[in-house]
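The next part holds the structures, each set out as structure tokens.
After this come two complexes, each holding chain A, first together with chain B and then together with chain C.
And now, the complex of A and B:
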């Protein structure tokens, strides 16, 4: 039972890996970016748990800027993904432009909120 | 049976029929002949070498891929050898089918039409999934229907899902072949014609919208015309005062403004306690006008802000409904919203309140959400967050948005409608929206700390989990995915339980479970009346009575169910949102009469959809009937000349039928029937039978005309009601009152008289006490400091004033004196019969006062549970300050002391005031102002006595405190 589960897990990891290896390079870069943003957010949360959340707006803007960046990058990834049929009509240039605009708004707000 | 020569023969015949208004039947029917290879002798089934060179360049369709079916022959792609080719527009065809089409279209110029992403070959569209309305535009419409403006992307996308495959029987072969030869002759003409028609429709829609805006603006001007250009009621006066400050001192001073005129001795930080959206909007408007050298006063700008934004709101409604159900429904909904009485009641000229701009912001935010959901564009997501920010700035009702949208997302996920567009529409909104909301001082950290917002975060997390699941499902094989699911489920459940337990613990640890009183009273309608008298005392927080639905949304109440049904045919993401919106807003409007305002746009959208669908169906049948007869006649005429009469006849019927098919497609009410019909046709049954059936499904001419007539009558009834409501019911500014008598119009301008008296006859620093309803007006119009005003954030302070009003004269004097009060203002309607005066509100003063100071007991003021002021009234009632101040010298006015509001003679007629003196009473006695007498000089030997008396009369905390007062 345990063995078969372990095998399954192994097989799962293998197939996941092989499936992911087929991802185009630009998507992989975006994935890396997302992972970086999420891990930064996690570090901040851990830091907050240790030190306390006193300048709450600073903490909030720090975490939300990371989360927001990650979310926007995921949106970008969805839009530029060639396999996604929903966005066939959307040129990648437009997707990047939207991404930059959204980031601009996000970080203007963050700077305003940082206090 | 049909060869090329017959093709030409019928071309001629067809040209003689150019009056035939529909040329789309050929687009639908002719490729069929090539699908049935055994009776198509023209070219036979082309083998691979015959395929068109352009076609060969397109990628082959993978049969495993969910390519669907070839829309020319309506068959699937069984193997890759069959030669499926995917066109740039995303559609897949059999190479043979599309080649045939290209060769017949005499032109291989493939141009991608931006609007629909469909192929247009030789200016003509061969495909069946052309949005039905679009093709319909092609035909010479019977009348220029504004309902056929353009197909929104949403419609284009959902198009194929409801277009039944009209695979036509081969009997109509010869004529359809003739029809297909025609396009080469007339195609350039029709293309330009279509552009013109399209442009005409857009221009028409633009002007209709302009007119709707004018209508929405001008129907709200009754208050200015019938009364004057003044700010209305209570809260608008505060907003007006804040706007005045903003325009005078600028935005920075506005944020830091500490207002010492209210809530004496506490004061109020205005910048941090108001929703600044309305004031900033009006301030910006004023500033823009001034920089354009248009010298309007601040008051004028404030008065006309609400009508202006109601025009914007109806345009936003058009946009939203257009996203849900197309432009026809959009125009209908915009018209309805422009004059819905519920919204008029809050946005007449002069009603300068938060809701005036908030409803626009609400609808516009919903529109942008739906737009993002339909397009999946990050740009619209950004706009959506900014629009949400404006809503948060404007009104506390933004919590409705931040709860409704997550509910919709959840609904989409649960019903398996998750798409990456949903992710793009929601995830950025939550992050950006939360940050932006936290920027508004009055919301601040509440945006992440209170339960009203938790739902959005929870759904945010769920959405990410679902997105991840969909992604992994996409890259894994089904077997591996199953393994992954079992693995994740076992681990994930444990984690989820832990997280939920922590969340519940956090929420439960806060005293009100994290919910503010107002939200709790929304979720539990009995909450307010049980626990918070101060919320329950406001009349707009009461649940509405049934007639108020009829008064406020009128015929829309009957149209809404039809609209909901139309939204389910078919259910798209956008229409499910509309349904969710109406359902929740119906609930909320049932809790608080004030939230009828939120219901109104939803009701308008639904009714707009219902009306437009009904008109579509009815006018469609009328068109069909009239057109059908005319074509049949002409066809018969021509058919006599041709050798085989019967096929021609059939063709006429057939062309009717195919047109009818399209028409029905637009009216989704008949969708079900049409599906059945489609099945029958696919089954290859005799076409005649189905034609007859099709005929039967179209409504008879007479009944459709009557239906249209009745709908127009309904609309007329609605318009009449709305104009009446705007003119008579909702335009009274409530600071100026009028009454019609046999002597003509009588104007009661007592409020402004009293405030002007205060402004001119009292010291600048004097404090005026009144019940909280009149606080805003006193500060704004009299510019005097008040103890309490209409903002309800300090219950104890209001209770203190309530206690003073319900105490005997001396105790009240002590309370007021301790608050530095110089003047007391009461509103009295007994002489002229003004019902919302202080005596009628008095029980709420008792309740609110008693809620904090227990020595005030409600039963003391009631005789056998009855609230009365005649001779049967309790002594506590007859001796309380409110009674005395209201009825002092009243008997001198009419000689009998007859109260016209309560319709009784008052209980105690002759009495003197010991601690207050009357300083001003307005013309109609509606406002009476009293001055506190200064404390008496100490009289030897009497000091002890009065002290004793004081302690015996009042045992309140206040008076014991005041005993230490050096004044006594």
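And now, the complex of A and C:
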């Protein structure tokens, strides 16, 4: 029998969901944090599209803070993930310390550029 | 002598000294030369008139100087403080005009003018001497003069007007080329045919003695209370003379009395062979010009309009049954002479002030989006004193290449005009411009320059309202980072 693409998508979706349920809790928290950052960035882009880019520096600063936060959180997740072979020897405290310091630098730059 | 003492009084030391040194030799010799003796020193109030007594004795000059110093030197001549000049030179062809037009001259002298009657070819007439004008106004009642005597000629008359003095020209039939040229320079082109007169077969006056219909009764007046006075001229004005046309490109000259549409300009004694060059309402009988320096010129095509005969005459327009006892000539010409000699419609604007709303002193620079107030005082000369001018159409422009702000000034009834507005959002060097040109009034042209600067670095608004979402996003990211760091640390 011919399986339609709709059935394929549904099957894919279900398998993703079940695989994701198996991830550890701290990684899920990081994923939630990343989703928050990206959604805030999207809201700002939609707002700029409606209102215009008048204080462009403020727009860039807002979007960059969201994107930078997301990038740093993703880096933390990669380094903390125990299934990742590449970072097997990296202590998770080191990853966390890097995350904190980079975020501090990011927010310093954002505050300056916000105007 | 009076001249140099007046110069001292007016603080022009150098001219006083130079003129005194010119007169010094004659004073030392004990003799002074008599000029035209039609004025006596005690009756002469004008300080710049160089009339002097004839002295035969050597001791008299010093006493005379002492006496002159005691004479109050109230200067009634044309000056910015008192725009009505007092001394008028009347040039006539024939001294009989002095008596045949005496009512008109009496109306002028009863208002305080000093009329100086001279024949037009008198070799001793002069408009100015040693660079000072002897008269404040000129009346040319000499239509047939070919050449003026003395030092007057067309160029000197035009210089006289160019320095701001007033002029009345009356032409008539057979007027000379000189008078026609002077009128052309002033904007009125008389008919080229020297024998042409204005003929009107519909509006001629006095229908019982038919004549050749060159005596016309006209009531096509300009509608202007300031030129013709507030009293309506009930009777038509009698006119018998030549007509002129005005160049339509000239914006300074306008018709005060125009002919009816049925009038035309032609030789009354000959048959009409070509269509007349001037016809209808294009013909102006009396017109007036206000030059850019506010000198006023009256051009009239009929000298007999000013005469006693027409002043007193009855007038009845043809095809109209009303017969009026007195023509409107006297009222018309008296009122228009008042206007020509600046007794009406002469404005001055003083005391231009501008400041920021709330401050009182004038800043050197404005900033964009400031609120500022502009005020000016305008007065009108009433013939004797300056009265506050009341109108609702004086406007001020905030101008840089084009007006960014144009506001009508509001008057407080005492001559102070003021308004407030916001400086536009453009920086540069602006001017406060008041350009007031109303028919019959002097033109006011004021301009004051002021620079406008943009915001300084710390004058912008601190938080831009449109950027609040971005501020909120950045701070929410910081808060999220703070919370997340704790949850990540203490998460089992």
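The criterion applied here is as follows: the second predicted complex is superposed on the first by the 112 of 115 C-alpha atoms of A that agree within 3 Å, B and C clash if a C-alpha of one lies under 4 Å from a C-alpha of the other, contacts with A are read in each partner's own complex, and residues count from 1 in each chain.
The working rule: a residue touches a chain if its C-beta (ideal position, glycine included) is under 8 Å from a C-beta of that chain, and two chains touch if they have at least 3 such contacts.
These numbers come from a predicted model, not from an experiment.
Peer 1: State whether chain B and chain C clash or fit side by side on chain A once the two structures are superposed.
Peer 2: Overlaying the two complexes on chain A (C-alpha atoms) leaves chain C and chain B fitting together cleanly.
Peer 1: Could you tell me if A:10 is touching chain B, chain C, both of them or neither one (first, second, both, neither)?
Peer 2: neither
Peer 1: Which partner does A:20 contact after superposing on A: first (chain B), second (chain C), both, neither?
Peer 2: So A:20 only meets chain B here.
Peer 1: One more residue to check, A:71. First (chain B), second (chain C), both or neither?
Peer 2: first
Peer 1: First (chain B), second (chain C), both or neither: which does A:42 touch?
Peer 2: In the superposition, A:42 touches no partner, neither chain B nor chain C.
Peer 1: State whether A:59 touches chain B only (first), chain C only (second), both chains, or neither.
Peer 2: So A:59 only meets chain C here.
Peer 1: Once the shared chain is lined up, is A:89 touching chain B (first), chain C (second), both, or neither of them?
Peer 2: first
Peer 1: Between chain B and chain C, what opening angle does the Cα centre of chain A see in the overlaid model, nearest 10 degrees?
Peer 2: 80
Peer 1: On the A-aligned overlay, A:110 touches which partner chain: chain B = first, chain C = second, or both, or neither?
Peer 2: Both partners.
Peer 1: Just to confirm the value: shortest Cα separation between chain B and chain C in the superposed three-chain model, in whole Å.
Peer 2: 10
Peer 1: Do chain B and chain C touch any of the same residues on chain A, and if so, which?
Peer 2: Residues 61, 76, 99, 110 of chain A touch both chain B and chain C.
Peer 1: So in the complex, which bits of chain B are touching chain A?
Peer 2: 90, 117, 376-379, 381-382, 385-386, 419-421, 423-424, 427-428, 431-432, 434-436, 438-439, 445, 448, 467, 472, 474-477, 480, 483-484, 487
Peer 1: Spell out the residues on chain A that touch chain B in their complex, using ranges where they run on.
Peer 2: For this pair, the touching residues of chain A are 5, 8-9, 11-12, 15-16, 19-20, 22, 56-57, 60-61, 64, 67-68, 71-72, 74-76, 78-79, 83-90, 95, 98-99, 101-102, 105-106, 109-110, 112-113.
Peer 1: Tell me, which parts of chain C touch chain A in their complex?
Peer 2: Touch residues, chain C against chain A: 464, 466-467, 469-471, 473-474, 476-478, 480-481, 484-485, 487-489, 491.
Peer 1: Using the touch definition up top, name the residues of chain A that touch chain C in the complex.
Peer 2: Going by the criterion above, the answer is residues 25-26, 29-30, 33, 36-37, 40-41, 43-44, 47, 51-52, 54-55, 58-59, 61-63, 65-66, 69, 73, 76, 96, 99-100, 103, 107, 110-111, 114-115.
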